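Heads up, the next two complexes both have chain A, just with different partners, chain B and then chain C.
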Partner chain A sequence: MPIRPFPPLDLTHGRVEMAHGAGGRAMAHLIQQVFVTALGGEALAAGDDFARVTVPPGRLVMSTDGHVVTPRVFPGGDIGSLAVHGTVNDVAMSGARVLHLTAGFIVEEGFPLAELVAIAESMGRAAREAGVGIVAGDTKVVERGGCDGVFITTAGVGVLTDDRLDIAGDLARPGDVLLLSGTVGDHGIAILSKREGLAFETPILSDSAALNGLVAAMVAAVPEIRVLRDPTRGGVAATLNEIADQSGVGMLVREAAVPVRPAVRGACELLGLDPLTVANEGKLIAICPPDRAEALLTVMQAHPLGRDAAIIGAVLADPDRVVQLETALGGRRVIDWLAGEQLPRIC
Partner chain B sequence: MKYLDDYRDPALARGLARAIAAEVRPDRTYRLMEFCGGHTHAIVNQGLAHLLPDAVRLIHGPGCPVCVLPVGRLDMALALVRDHPEVILCTYGDMMRVPASGGETLQKARAAGADVRMVYSTLDALALARAHPDRPVVFLAIGFETTTPPTALLLTQARDAGLPNLSVFCNHVLTPPAIGAILGGAGEAKPLDGIIGPAHVSTVIGSEAYRAGAARFGVPVVIAGFEPLDILRAVLMLIRQINDGRAEVETEYTRAVRPDGNPKARALMEEVFILRASFEWRGLGALPDSALAIRDDFAAWDAERRFAMPPLTGRENPACECGSVLMGALDPRDCRLFGRGCTPERPQGACMVSAEGACAAAWTQGPSPSHAHAARSREDA
Partner chain C sequence: MPIRPFPPLDLTHGRVEMAHGAGGRAMAHLIQQVFVTALGGEALAAGDDFARVTVPPGRLVMSTDGHVVTPRVFPGGDIGSLAVHGTVNDVAMSGARVLHLTAGFIVEEGFPLAELVAIAESMGRAAREAGVGIVAGDTKVVERGGCDGVFITTAGVGVLTDDRLDIAGDLARPGDVLLLSGTVGDHGIAILSKREGLAFETPILSDSAALNGLVAAMVAAVPEIRVLRDPTRGGVAATLNEIADQSGVGMLVREAAVPVRPAVRGACELLGLDPLTVANEGKLIAICPPDRAEALLTVMQAHPLGRDAAIIGAVLADPDRVVQLETALGGRRVIDWLAGEQLPRIC
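What follows is the complex of A and B.
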C-alpha cells in the first residue's frame, strides 16, 4: 500500500518526461498513478522490486515476449492487450495453467500520459479477462527518438500440474492429425489495413486473444495432445515448418480445409499475400494422435475461441521435413517459410 | 469473392484437365512457356502442373520484373543512395532482396543507414515526396507494361504539381521484344511450341502486339487470365493450335483484353517515355528497342539525369545460371546453386527472390517433389 498520498499527474494533457524513469519521486508517481491503478493487484501495489507468489506443485513454465507493434491501436486490439495475450499464449502452449505476468515498459520522452494510461488499462483488462495477474513491472524512459512511443516486454509463468501432459514441438509423429483453432490471417491483415490505409467493406479485426482457457479445455479432454503452438509471425506456414523441423517429420495440409475469412482472403488476393504466411494472435495449431482428433475437435469447437476449428491435415514420415499443401484444385506445392520481410512490427 | 471461387472451381478444373489429356497426342511433347511471372506464381500456387499430363511441360518465362533487371542497374541504385545519403529511395518490395554485385542488396544498404523504403504503389512515392519536401525522393521503377502506366502517371503528377524533389530511376522494359528474343535466340531449333501470353500486360498493349512475333516464329500465343481455369483453358487452346499446325494469337482472357489494349494507358506512356535504342536484360543480353527512357520534357524528374548517375556493369555470382533459366533453356533445378546456398531465404540470383521468379517457383513447386527434397537436404547439410 502507498505510504503517502501522491499529488496527481496531469493524465489528460501531460507527457512522459525523462524524470519519470529516473528513479526519483516522479517515477514513483507514474508507477502509482498509471500502472498500479490500471493493472491492480496486491503484489504490484506492495511497491517491492519483486513479486512473491505461491505456486502450486508441478513443473514451472516460463516465457517472455517483446511487443513493438505499429500502429499501437489497431482494429480489435492495441499494444497493451497484445502484450498480455502474446505471453499468456506462449506459456499456455505448454499446456500449463498461466499464473502471473510481469511487464517492462520502455517509453519515449514526450509520450502522452493519456495514451499510456489507455494502454495500461487495456493490459489490466486483458489480464483480468485471461485470469492472470500482472505482479511486477519496470519502467524506463528513453530520450526522444530513442524508441518509437512505447515498447512493452512481458514475461509469464505458469505451472503444469497434470503429470500426463507432455507437449512440445519435437513430439509430432507420422500419422498424427493437424488441427487449427480458427480462421487465419486476421491479425496481420487488420494491422496492414490500418497501416496502409486500406478500407475494406467489412472491417477486419485482429484475432488477438488469450488462449489459456481454450487450452485448458483441450488438455483436460485430450491429455494426449503432442504439440500446441500459436502461429504468430510467419503465420501457419512458419509454425508448421518449425514443428516439422523439430520433430523430423513432413506434413500435408489440405488448402480447402483451412478456414480463411472472405475479407481476409480478398485482401490477401489484392496484396499478393498467402494467408498461410500472415500473422495470427489468437489462434493455435494442435497436433494429436489420430484416434483422439475427433474428440479434440469437438472440445475446440465448443469453446468460443475455437468455434471455427478444423482438421487441416496430417503428419507424414519424411526425413526431408517438407510441409506440403494439397491445393483446392487437387495440385500440390510446398509450404515454405516466409522469406524476407512481409510486414515488420506486427506484434 | 464469387469471382475468385468461380474461376477456381475444382470440378471445372478437373474437366479441363481431362479435355487436355484427351487432346494431347501420344507421340509428342508440348513445351509451353508462360511468359509472365504472375502466371508462374498462379501455376505454382495452385499446383497446376500436377493436373497436366506428362507430355505438357510448362516452362517458366522471364516475365518477372526483378529477374530481368541487370545487376548493373541495381548497382547504380545502390551507388545513388551511397553517394547521396539525403536521398529517400523507394521501390516495390521484391527489389529489396535482389543481390547486386558482391551480394549487396537494398536491404543491406538500408541496414547500413541508407533511407530505402518499400512502397505498394506510385501513389506512396508521391506521398513520400510531399511528406519530405526537403529531401530528394527517387522512385526505382521496374517492370513491364503493367507497371509502366502508373509510373507515367506519377511523372505527369509530379510535373502538374511542380514537385521538385521527386524523380524516377526508370527501368521499364517491353514484353514483345523479350518474347522475340526467346523465340529467335535458339537459331533453327524451335525452343518452344507455344506461349501463354501475359494477362495484365496484354490489357495495356492489346493482343495485336503479339501477332507479328507469332507469325514470324510460327509459335502460337494464347493470352490468359491469372486464374487457374484461365490458365488451363489457355493450355487447351494452345494444344489445339499446335495439333492443327496453327500459330495464331488467341485471347482466352476476353473479359479484359482488347485487340488494341488500353489506348488511354498507351497514350500516357507515349507522352512520358521514349524507346531506348538498346537495353541490357539479365539473361537475354542487350535487346534493341526493348526498354523505355524518360522523355526530355520530363528530364527534371529523371533521376539518371538529375544525379548524373554513371552507367555501371555489374558482376553476378559466376555460378548463377539465372540467364539460362530466364531463356527457358535450363531447368532451375539443374543450376549448380539451386538449393546449394541459393534458396528463397538466401537468394544468390534474382530468379530465386520473387515468388514470380522461375527458381523460387521451382523451389515451391516440384513437380518432382523428390528434386526439391534432395535440394533441401543439401541446403541443410
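What follows is the complex of A and C.
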C-alpha cells in the first residue's frame, strides 16, 4: 500500500532540524521527500529497516567507506557521487559484479535541505550510472557543531560469479607486471585547489568515477589478474606499499611510465607534493602475470576509464618488501608511504 | 603472508591524529593494532578493502545504521555494542539469519586511543555474542571540532534460507495480533538518566541486545509471522504508526498490557514522557495471524530476551490508519508518533 502522502517540506529554504532524526513523523517526511525521491528504488520506498535483494549465485563480497570530504562540492564531483564511487570501487577491486549499496547519513542540525537534496540527487545519478541500487539507508541528525555538515558512509555488496577469479592483495608474485589505469593525482589536486582557492591555467577535475565497468571488462578478458586496488588516500605510493607488504614482495616502478597530467604535475611542483602520494578516486592498479600484461593493457586502453592505462613496473622478489622508483634520470629511490598527514578530509 | 609488524602505538596515553586517517603507515598501524586486534576475523586481517564472505543460498537482506549516541558509555552498553546491535536487529527483523557486518568509523582528532580500543573491544564482544563477523571496515579522521568524538556506521547482510518467510511492514492485516517482546523505554531512560545526571533508586539499564537469536526461534516456530520491527527512535508509538501506514490498517493497543518497568514508569512520569515514545534497543514488535499468537507468545517467553513478552493489542480495519490506545480506565486515545524532537542522539 502506498505510504500516506506527507505535507511537502520546504526543500528550497528549509533546514534540517533535530526532529528529522528523531524517528517520528518529521523523519518519515525527510526520508520520503529527499531520499526516496532522489535515490529511487522499490526497496527504499518500501519503508522497512531492511532491504530484501536478489543476488545471483556466487561468492559474496562486502565493503564499506565513510566520506567526510571538504569541500562537499569540488571540480568533478561532490560528496554524494564520491560516496557511491568509493564503495563501488572497493567492492569492484575483488573482481566482483557490484550489486547493491546502503547509505548512512549523519547530518548537522541547520544543514540546508536544498543542499541535502542536491547531494542525494548526485548519489542517485552516480548509482544509476554505475548500475547499482541504493537499497537501504539511515539518517541521524546531530546538534549544531556536532559534525561538519554531512558525512555519508556507504556499504556495498557484490558477487563473484566467475569461479576462476582469485584477486586479493596478498597474491602478487615476483615477475608480475604492474599496470595503472590512468593519470594520478587528479582528485587530490582538484580538492586542494578548490579548498585553497588556487587557480590553475587548466582547471583540474577530480577523476571520481565508478570503476566496476572497467573491472568487468578486465576480468572477463584476463581472469588471471592477481591484484586490483584503487589508490585513494595515500595515493599510488601507499597502495603499492600495502600490496608489497601483504604479498611479501618488492616492487620497481618506472617514474617515466606513470601518467600525470601536466597541470597536476605543475600543481604538485608548486605545492611540494609527490603525485605518487596524492589521492585518486577513479583509478586502479592491476597486477597480473607477465604473459597476460599486454592483453590486459589492451582491454584497459579500450575502456573510456582506462584510455591512459600504462604498464608502470614489475613485482620483485624482496624479503624487505621495498617499493622502489626508477627515476627518469636512471637513479633509484624508495617510495615510502606517507608517515604523516598530507591532505586531510580528501574523501 | 602475515603483514609486517608495526611499532606499537601508545594505546594507554596516545590520541588519534589526523595521520591515522591519511591512508599511510599511521593508518595501517591503527587498523592493525586497534581494529584487527579487537574485532578479529580473517577477512579484516587480510588487509584488502573488501571482504569475500560465505553466504548460504537464499534471499539476501541488507541494512545499515549510523550511531551517534551520547554519552558514548551508558548504563547497559556503549556506542560499540549499540552499533552491532542496531544493525543486527535491523537485518533480523526480516526473519533472516544475520551473517556479516561492516563498520565505518569517523573519529575526531585527539580522541583517546584507549577509549577507541574499549569501543572496538565492546564491538568485538557484541559481534561474537551475536554470532556475526565484522568483515570490513573504514576509518576517517576529522579535525578537532569536525565531529563529536566518534560516530560508527555499521551495515549488515543476512540470508533468508526459509522460503516460507515473508515478513515486511506492509503485511499486517485486520484481525492480526500485536506482540511485544518485553518492557519498553529502558534504553531511552538509561541514556537520559546518564546524560542528565539523574539518580533513581533502582538503576535503569539500557536493553541494548542482539535480537537475532530470539527471531530465529520465533520464525522457526511460527513462519506465518507477518511483521517484525524493533521500536528504536520514536519508540513503540512511532513503530506502530509506521506499520499502520505501510499496511493501510488501524491498531488498538491495550495500555495495561504493555510491560513497563516500575522504575522506567516513575522516571517517565517525573520527566513528562510517554513510555510508548521512548527508544528501545533490545525489543521487537511482532504481528501474526490470530490463530498463531499463543504459539508465538510461548516461544518468545521461553527465550531470555522475550521473558516479559506480551500480547498488547490487535490490528483493525481502518482506512485512516489510526493507532489507538485503550487506557487502563477504559477510554481511548490516539497514539500519534512524535512530531518533534524528544531525545536527541539516543542511538
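Going forward, the second predicted complex is superposed on the first by the 345 of 347 C-alpha atoms of A that agree within 3 Å, B and C clash if a C-alpha of one lies under 4 Å from a C-alpha of the other, contacts with A are read in each partner's own complex, and residues count from 1 in each chain.
Heads up, the rule we're going with is that contacts are C-beta pairs under 8 Å (C-beta built on N, C-alpha and C of every residue); 3 or more make two chains touch, one makes a residue touch a chain.
Not measured: the values here are computed from a predicted model.
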Touched partner set for A:W337, first chain B, second chain C, both or neither: both
First (chain B), second (chain C), both or neither touched by A:G104: second
Chain B versus chain C as contact partner of A:E129, first or second or both or neither: neither
Touched partner set for A:G146, first chain B, second chain C, both or neither: second
First, second, both or neither for A:R52, with chain B first and chain C second: second
First (chain B), second (chain C), both or neither touched by A:S63: second
Comparison of chain B and chain C by chain A residues contacted: C
Touching both chain C and chain B, counted on chain A across the two superposed complexes: 321, 336-337, 339-341
Residues of chain A that touch chain B when the two form their complex: 196, 262, 265-266, 269, 271-272, 274, 318-322, 324-334, 336-337, 339-341
In the complex with chain A, residue positions of chain B that touch it: 1, 4, 8, 10, 13-14, 44-51, 93, 96-97, 107, 118, 120, 228, 343-345, 347, 355, 363-366, 369, 372-374, 376-377
Residue ranges of chain C touching chain A (in the complex, touch as defined): 1, 3-4, 17-19, 21-28, 46-55, 57, 59-68, 90-91, 93-94, 96, 100, 102-106, 135-143, 145-148, 151, 153, 155, 157, 160, 168-170, 229-230, 232-235, 238, 241-242, 245-248, 279, 321, 336-345, 347
